[in-house]
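Read from first to last, the chains carry the letters A, B, C and D; within each, the first residue is number 1.
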């Protein structure tokens, strides 16, 4: 059974989408470790190491995700999680910015996928299924 | 007492603004000859000649004013009304177009002033007063 | 200009009576000969075409379905001067606007049967690549093109032709597959033309109604519709409904069975809800009185029909509220506007946005009904008393004949319409908005409203005059024309006194 | 992260009692020493500053005036990461938005007293020229800058700080001339933080309330406000009002006299109107019971607080309807959103447009009241029964002390909040929207709602489950979270079945 760590990063209280997502991922057959709202980056890593997780799902809604998520991949690497699948999703930046630019910014930070505002859980579940399948085939992740 | 001819040009039924304008101009001390809705260009000229009018106030709301008003100044000249003051106002063209372009188009057609959508009667009365005063001083019309 | 339509060779004395079949045959022949495209109209083939349309593209069926399911449908206006622009517009309204009913508005030359002028406008529009006409020249483009428009959409289509002369336009539209047609003799003649007599307007629409009924008799239920919004300028519900009932009776006499009635929104939630309820009931009441059975009369509200604010944010609120009012009043459909209204004919995109705002507003308010409010009951009852007083007088004046009574009543001022451009309508009646936001009758002209009803109107308007320190008189009416178009800072200042 | 604010040296047992003056003096001293800008707070000078402000820039006065004149005021949210951006925003909201109340929203680091992080965010925002923070770092910029902001506008200003730790932010804001402050111990602690205990949240707001009361005692009437919208996610009115009443009692105990209460809109017109009426009355009822006199409790509604649609046309309708609901329910003010809501913090222009849409909607509906409807009466009575059942239990559990009762009630699950991030709140209570569009309680958790009230909720929700063919259970709650954000084609399809 694949293990996923979920949580809302930084000083962000928006728990609703993250909770619904976590419930749905559990229903979809994953073991989900839920860290809840206002979770420092370090706690994600710690939980992932402890549970030997396959992916970390970072939620950020409140706009300061761009500040909170910097260096997240480096923290993972430091902790020996070089290849862990990293997703981020929500309202990642302050204001209504063109999604393609925002996505690029977060992929450059080392996330494998970034989900735009309002992403539905069905889409996330499909991503996970395809990415884990791709990994079986030795790829980093499936095509977009 | 200055004489003004008012009417709505072409196949245009929008009488409300024209009627309110006519009432207000009368109150402001002008003699107003009201031709009403759906008035062919020729009837404006005819009425102006017959009443020895000082100005013609053309309303056009329905968008086809650009077609209806073409050659209006020429008709005036043909009828010997070379110098009559010509105003046009309303929703002069089809669609929401930049006003400066629309204004230019109608001034080029020979109108002395063009009034943008929603013009209030106070503004029209002021224009008339200033333009008639300017004419006393031998000018074509007052500054914008 | 303004040419009244050709006098029929077979002109009979005016009456509400159904046009006899042989007479009508002759009338149609003459009519179709007036412009080359008339030759393409083949009635039997058209009947077949309509029968092959899926039900959801037939407006008669769709309106019945909306009422049965208590839905409030959305319908925009829309017409451009060239075929390509018109098709793109209709597709956008269907797909991006989610319009339940897709319109084709004709241009103002076509409305006045000036097809030569329309032809010039069409050609110039095609040349310059922007619409020089304020609508689609239906007659010039003809039947085959109309059918292409119908094929391009997956909704029923309605003709919006704001004309007193619908005879050729309607023949071509119906033959093209349009299943709805808005217009009526009384409403449009008093609101859209200067010279044409009420009698001629009625006659022209008797033709159209007979034509629609003929389709019905051949198994095709078209949707006819009456534009009770009139001049769109602060029309109190009773005046709108009087025309709805009379036009409806005229149509029913020609055999029409599916006849929508429209009213502009007053923007007072209670008054609009009361008006919609009263309108439906009064139409049915008089249909029964005159012995017309099985006539379906759904009620449509229209977004604010008088002057709009220029600020698009204010306009957006007016659009949304328009959806709210339609939903709450239980209207079967709502005719929408856009944030461009104060300026000009909207782009397809702005038009589609107006549709979506309205649709969302309908969704949000779909559960609300005001029937239980005392104010609702009082208003509905007041409307009923006013309408009955005048319609009964009209019927009396016509010795029971609606057509004759209507013409005589307009002559006498018993029927009257505010802000009418028509010389045959006194337009002495003057409405204004009262202190509580209801539209009231400031001056009844010669209309015989019940004395106690007028007392209610007057009191409410005097209250406004007093509070706002304006004289009780025509200024109230003029202020009411501007009111909704005023900038927000004037309507609801953000400063304290 | 998430550091609870420093424990006061003088920590007394929790109680609702007014903080003694000498204790408070010590608390203030410690508090102001936590960040350099605290040193600039001079209470007496601040009192003078407020007294010199014109009345129309004092929110206490403005809220009273709004209620007296039955006005519904508009207030946006708004905060950017740098002083220049913040000033430009506030000026735009004042001038272009015609906002009656101008806000300053703080960023989320400031909310959590992470001023070091805020400082970094501020500096980076100044460097890159776009806001990296989701609000204005009030503490970092300090008193003098706050005063410049107040000078830049001609309206009263309110602090929106969505925090459980308001002690330093409020000191600086009040000293800067802000006359309003939103926030409360129960509401924000259950909605905006994970680790902080309810007790600590209450204590932090007792500080703020005492501070506001101290201004009052010196002749300056500030406006305190409670965020009963909670997690903004389908909060049924009774749950909101329970927190309004309890937080209000806590504030009154500290001496606050001008205390607004807020609720998110349910989007059901009747339920919102009933909620506003019930909320005001219940606050007054319990204030009287607890012997607090002369506390002014105006009610504010907030535009839809849960997930928004991405389509700006749909969002515009939601904004306009938000104004309509506030006006009709008789709210004293409405807090607005923008068409950018689903995406991110709005531009000043989009924010101002949201204000104008709302203001126009208020103008249009200002005459309508629903008090006469049977549904209104039924709903208001239902809310009252639910609120009383739970508040009475809380008071009982605290032996009459609101603070103690609240903490114990949260422990026991007698008090509970839907979708709470806080570990000290069970968040077992689960709301959903019923078939008629009312927000109902799907699962009460351990909250002791009256049995007959729960029967009403359950029946209404079962009806929805049945009609929509979804199981009666948590899916109803999850669907209700998404509902309003769904695309229109899903909400109100334009196809017939």
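Operating definition for what follows: a residue touches a chain if its C-beta (ideal position, glycine included) is under 8 Å from a C-beta of that chain, and two chains touch if they have at least 3 such contacts.
Remember, predicted model here, so these are calculated numbers, not experimental data.
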Neighbouring chains common to subunit A and subunit D, by label: none
Of all other chains, the one whose Cα centre sits farthest from subunit C: A
Whole-Å gap between the CA centroids of subunit A and subunit C: 55
For subunit A paired with subunit B, centre-to-centre distance based on mean C-alpha positions, whole Å: 66
Inter-centroid spacing, subunit D versus subunit C (mean Cα positions, whole Å): 46
Whole-Å gap separating subunit B and subunit C, where each centre is the average of the chain's CA atoms: 30
Of all residues in subunit D, the ones touching two or more other chains: none
Overlap residues in subunit B, where contacts from two or more other chains coincide: none
Listing of all chain pairs that touch each other, if any do: A-D, B-C, C-D
Complex contact set, residues of subunit D against subunit A: 1-2, 81, 107-109, 111-112, 114, 117, 120-121, 124, 130-134, 162, 191-195, 231, 233, 306-307, 310, 340, 342-347, 350, 419-421, 423, 478, 481-482, 485
For the subunit C and subunit D complex, residues of the former touching the latter: 55-56, 62, 65, 98-100, 155, 267-270, 309, 311-314, 316-321, 323-324, 352-354, 356-368, 370, 372-375, 436-437, 488-489, 491-492, 494-496
Partner subunit D, residues of subunit A touching it in the complex: 8, 10-13, 15-16, 19-20, 23, 36-40, 62-64, 66-67, 91, 93-97, 117-118, 120
